[in-house]
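What follows is a set of structures to go through.
You will see two complexes here that share chain A, one where it goes with chain B and one where it goes with chain C.
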Partner chain A sequence: MSYYLVTIAVYFAVDAMACVALNLQFGVAGVINFGFILFQATGAYVAAVLSLPKDTAHNGFQQYVLGLHLPFPYPWLAAILVSGLLALPIGLVVLRRLRNDLQAISLIVTSVIATLIVTNSTPFLNGAAGVALVPAPFAGHMSPTGTPYEWLYIGVAFACAVLVLLFATRLTYSPYGRTLRAIRENEDAAGALGKHVYARKVVIFVVGGALGGLSGAVLVGYIGFWAPSAWLYPETIILVAAIIVGGRGNHLGAVLGALLVPLGFEEVTRFIPQFGTSGLTPAIEWVVIGSLILGFLWFRPRGVIPETRRVFGPTRDG
Partner chain B sequence: MSLDRPVTVSSSSPGAKAPGILNTTALRRGFEGVHAADDVSISVRPGRITGLIGPNGAGKSTVLAMLAGTLAPESGRIHFEGSDITSMPAYRRARIGLVRTFQMSAEFARLTVLENLLAASQMNRGDSLFGALLGRRYWGADEDRLVAEARALLSRFGMTAKESDYAGDLSGGQKRLVEVMRALMLHPRMLLLDEPMAGVHPNVVHEIADCLESLRDGGLTILLVEHELPIVERLCDPVIVMAQGRVIGEGTLSTLRLQPEILEAYLVG
Partner chain C sequence: MSLYVAAFGFGLVIAAVIAIAAVGFTMQFAVTNMLNLAYGQVMITSAFVAYAVNSAGVNIWICLLVAAVSGSILSVLLNRFLYAPFQRKGIPLVGMVIVSVAVSLVLSNILLAIAGPDNVSYLQSSGPTYSLGSFQLTAAEIGIIAISIVLMIGIHVILVYTRLGRAMRATAANASLARNSGVPTVRIVDIVWLITGGLCGVAGAVTSMNSGSFTVADGSSLIITVLAAAVVGGAGQPYGAMLGALIIGEVTSLSAAAISPEYEQVAAFGLLIAVLIFRPRGILARVGVGSSPK
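The block that comes next holds the complex of A and B.
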C-alpha cells in the first residue's frame, strides 16, 4: 500500500481523535482551549521517551529523559495519563476566575511557553531537534516496514479513534453532557441551579487533555519523530477551524471537520504549484484558514453538521 | 473527580434566631466608593411573596446577588433557615433550596425547553462523569422520572407544546416562565426573582403573576424584585423599599404610600 495513503489514513485517525477531544471541551462545554496542541504534544513525548531506550543507546546523538524502552501498550497508556495529569494543574489555575476569552488567551500563552521550554532545554526532550528513532509500537511482532504492519497500524489507529468517538458520544448524550452544554450556554445560570461550574470545566479539561494525549501517542508511534515544530500554537487554530467547519458540539461534525480541514485542506494545497516568493503559499494557506473560520462563523455558524436537537419520546410512566 | 465539599453551615450568630426563613444582618457592599447596599437588614417570612422595590440604583439587585451568593458582602451576615450561609458559594445555596432567577433572560438558548428543566435537576445518577459512562441502563430510570416531572411542570404552566423548541427561540415571557419552571425542578425552599416581568408582554405578565400566586399558595417563599407597582400590590405582602442602598420602609404597599419619605424617594418620584 502506498506510504502516502497510509500516512493520510493515520493522520485522519489522529486528527479525528484530536478534534473530538477538543470538541468535548470547546463544542460541548464551551471551554475555549487554544492550548490544546500542548496535550497532544505531551502524549507524543511521553509515548516517545517511554518507548525509546536510554539516550546513550544511539551513541548519544540525542538527549532525553527516561528512555525506559517499555513495550506497547504502556507508553500509550502513560501518554493518556500524563496528558490528563498535566491538564489538571493548568485547568485548576486557568479556569478558576478568568473570563472565557481570557482563559483562551491564557491557554494559548501556556502552549507557547511550553514550546519555548522544550525548545530551549535540550537535555529534557532534545530541544528544537526533537526526539527521533521512536520504536514502532508493534515492531516486536512483525516488521514495521511491510504492508501487514501498515494495515495493523491503520486498524489500531482507527480503533482508537472509534473508541474516542464512542466515549465522547456517551458523555455528551447523557445528563452529564447536558449539564456541560448548559454551562456552555450560561455559566452563571448553571451555577444558580446548583452546578459546580468550575469543577465540571476542570474535569472536562482533564478528560479532553487525556484524549489529546492518546492522539499524540498514536501519531508518534507511526512517524517515529516528534519536535517542537510539530506542535506550534497555530496547530490548535487548525483544529478549532475544523470543529467550526464540521459543527460545534456534534462529534460526527468534528470528525468531518478533521477530514475537511487539517487533512483535506492541507493535502489539497500540496498540489497547488508554488508561486511568488518562498513562504507565500503557506502564508496564503493561513489566510484561507482564517477566512474559512470567519466565513463559517458568519454564514453557517453551526457548521456542516450542526448539533442535533434532543427530542424526548414518551416516558414509561407518563 | 469532584471538587464539591459537603454543605456545612453554622447557626451561632444572632440572625439565626430571627423569625424569617431568610434573614440578613447589616449587609454592606460598595462599588468604587459608592454604597450599593448599606446596612441592609431584612427578614423574609415563609410562605409569602415579599416585594423588594426601589428606584434604579437603590441596591435591590446588589442585595439579591448577595443573597444568591454571586456577590460577596463586605460585611454583614446572611442566614437561611437558621444557618449562616454568608460565605457559601452560589451553587451550594441552590442545593439547599435558595434558588434565583436573573434580571436578564438566562435561558440555555441551545437546549430545548425540556432540556432546560432537566438540566436543573440534582437527582440524576447520570449527571456525573462516571455515572454518564455507565450508560443509560444506569441512569435511565432517573431520566424517565425527571422527564415526567418536567412534563408535569410544562403542562401546569401551559408550555407543553414548546417542549422541543430551543429555549432561545421563545418569547421574552416564555423565557421567564422557563426560568421559573427550571428553578422549581430544584424543589426550592425559597425563590429569589429579579424582575421576572421585565420586557414581558402585558398579557403574559398576568400569567406569570398567576403562576407566582399559585406557588405561594403551595407554600413557597418568594423574594420578588419588581418595578411594576400594580403587580407588587397584587402579589406582595410585605413590601420592602430601598433607596440609595438602604432600607427605608417595610409594610404593605398601601401603608407605604402614606409615608412621605417613601413617596419622596420612590413612589411619586
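The block that comes next holds the complex of A and C.
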C-alpha cells in the first residue's frame, strides 16, 4: 500500500475525530469553539514531548520541556487529560457571562495568543521550528517502516475514531445531550427549566477539548512532527466548514464533512496541475472553503445530512 | 528612561491609528449588532488599493482619500449583498460571526491571488523629525496623529450635533423602536456602513504607512488589535473605542520596550482577556447601559 494512501487514511481518521469533537460543542451544544485547533495542538504537543527522549538527545538540535520517553498508551492518555484540563479554565472564563458571539471571538483570540506564545518561547516547545523526530508509538512491537505497521496504525486510528463517534453519539442521545440541544435552541428557556446552562457548557467544552487532544496525539504519532504552522486559527475554520457542510448536530454528518472538506480539499488540489504563482492554488482553495460556508449557510443551512428532528411520537396509551 | 519616553511616542502613533479603525468597527457593531470579522481584510484591501494608486505616482496623502472611498464602497457592498440578506434570513448572532469569518477568508485570498504574498511599501517620505528630548516624532507621524484627531472630532460632532447622528444612536439603542418612530433605519444602516467603511479604509492605509511595509496576511492580525481596542473600551461605544485604542497602543509599545517586541501582541491580548473576565462590557461600561445581553 502506498505511503500516500496510508497518510490519507490516517488524516481522515484524525479529521473525523476532530469534527465529531467540535460537533459536540458547536453542533449539539451551540458553543462555537473557534479555538478548537488549540486543543488538538495541545494533545499533539503533549504526546510528542512525553514520547520523545530528553532534548539533549540527537545532539540537542531541538529544545522542549519534559522528554519523558514514555511507552505507547501513556502519551496518548496524557494528551487527552491535559487537553481536557486546559479546556477547563478557558471554558470557565469564556463561557461565563459573555454574549455568544463574543465567546466565539474570545476563543479565536485565545488560539492566536497561544500560537504567539509557543512560537516566541523556543525552550518551551522549540518555537516556530516545532518538535520533530517524535518516536512512532508502536515501534517497540514491530519495525515502524513497512506495510504491517502502516496497517496497524490505520487500524488504531480508525478504532479511536469509531470510539469517539460512538461516545459522542451516546452522549448526544442521552438526557445530558438533550439538555445540550435545549441550550442550543434557547438558552434562557433551558435555564428557566432549571438546567445549569453554564455548567453544562463548561463540561462539553472540556469533553470536546479532550477528544480534540486525542486527535492531535493520533496525528503526531503518525507524522512525527508538530509546529505552530500546523495549528494556525484558520485550521479551526476548516473544521467548522466541514461541520456546516456535513450537517450540524449530526455526527455522521460531521464525519462526512471531514471526508469532504479537510480531506477532499487538501487532496483534490494535489491533482490539479500547478498554475499561476506558487501561492495561487492555496488562495483559491481558501476562497472555495469560504464560499462553501456562505453557500451552505444560505442554501442548505442544515447541511448534507441534516440532524434528524426528534418529536414525541403518539404514545400507545394515547 | 529615555527608551520608555520614545516608546510612549510610538505608542501615541499606534493609538492614533488603532483609534480610527476601532471607532469604525465599534460603530458597525453598535448599529448593526454584528461583529464584522472581515473588517481587518477590508482595511488591508483598501491599503492595497491605495498602494496601486500610490505606485502610479499619486501623493500618499491623496491616496488616503482613495483608501477611504474604497473602504466605503466595499463595506456598503458587503452589507447590501451579504450581511443584510443573511440577517433578514434570521441567522443568529453567532451565525453572523461565521458568515463574517467566511467573508474574510474569501476577501483576503482573492486579494492574495491578485496582489501576491510579497511585502510592499508606499512611496512616502517621513519628513523631518521633531524631537523634545528623547520624545521624537516624524512629520508623517504627526500627520497621522492629526488625521486621527480630526476624524475623532468629526465623529463626535456627527454623533452628538446632527440629526443623522441622533438617528444613528436611536437605531443602535433600539432599531425597531427607531423605525416605528419614523427613522429610516435601512438608510441609516447603509450610511453607517458608508462612514465606518471610510474610517476602515483610512485606518488600513495609515496603519500600512506607519508600519513601513505590509502584506496581505496582515489583515488577520489587524482585526485582532482592533477587536482588542473596541472590546477593552466597551464594544459598541465610540468613546470607549478611542480610550481602548490609547490603552492598547501604549500597552503594546511600552511592553515591547520593557519585555521584548515579540510579546507586544501577547501583552495587548492578555489585557483583552483580563477585561473580558473582570469587566466584560468594557472599562467605560455603566451598569444597566449598553447592548442587551442577547
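Here is the rule we use: the second predicted complex is superposed on the first by the 310 of 318 C-alpha atoms of A that agree within 3 Å, B and C clash if a C-alpha of one lies under 4 Å from a C-alpha of the other, contacts with A are read in each partner's own complex, and residues count from 1 in each chain.
Everything that follows uses one rule, which is that a contact is a pair of C-beta atoms (placed from the backbone, for glycine too) under 8 Å apart; a residue touches a chain by one contact, two chains touch by 3 or more.
Here the structure is a predicted model, which is why all the values come from computation and not from measurement.
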**Q.** Three-chain arrangement built on chain A, chain B and chain C clash or fit
**A.** fit
Q. In the combined three-chain arrangement, what's the angle at chain A toward chain B and chain C (CA centres, steps of 10°)?
A. 70
Q.
Once chain A of both complexes is superposed, is A:Val65 in touch with chain B (first), chain C (second), both, or neither?
A. neither
Q. Which holds for A:Ala57: it touches chain B only (first), chain C only (second), both, or neither?
A. neither
Q: Give one of first, second, both or neither to describe whether A:Ile244 is in contact with chain B, with chain C, with both, or with none.
A: second
Q: Please indicate which partner A:Val206 is in contact with in the superposed arrangement: first for chain B, second for chain C, both, or neither.
A: first
**Q.** Contacts of A:Leu163 with chain B and chain C, given as first, second, both or neither
**A.** neither
Q: Determine, under the contact definition given at the top, whether A:Pro175 touches first (chain B), second (chain C), both, or neither.
A: first
Q.
With both complexes superposed on chain A, which partner does A:Asp101 reach: first (chain B), second (chain C), both or neither?
A. second
Q.
In the superposition on the shared chain, how near does any CA atom of chain B get to one of chain C? Answer in angstrom.
A. 5
Q) Which chain A residues are contacted by chain C in one complex and by chain B in the other? A) 188
Q.
Show me the residue ranges of chain C that touch chain A in the complex, using the header's touch definition.
A. 34-35, 37, 82, 85-86, 89, 91-99, 101-106, 108-110, 112-113, 116-117, 220-221, 224, 227-228, 231, 235, 260, 262-263, 265-266, 269-270, 272-273, 276-277, 280, 291, 293-294
**Q.** Complex contact set, residues of chain A against chain C
**A.** 30, 32, 34, 93-94, 97-102, 104-106, 108-110, 112-113, 116-117, 120, 188, 233-234, 237, 240-241, 244, 276-277, 279-280, 283-284, 286-287, 289-291, 293-294, 297-298, 301
Q) Quick one: in the complex, what on chain A touches chain B? A) 167, 170-171, 174-179, 181-182, 184-186, 188-199, 202-203, 206-207, 249, 307, 309-312, 315-318
Q: Provide the residue numbers of chain B that touch chain A in the complex, in ascending order.
A: 1-4, 68, 70, 89-92, 94-95, 99-102, 106-112, 114-116, 118-122, 124, 126-129, 131-133, 135-136, 139, 142-145, 147-148, 151-152, 163-164, 166, 179, 182-183, 186
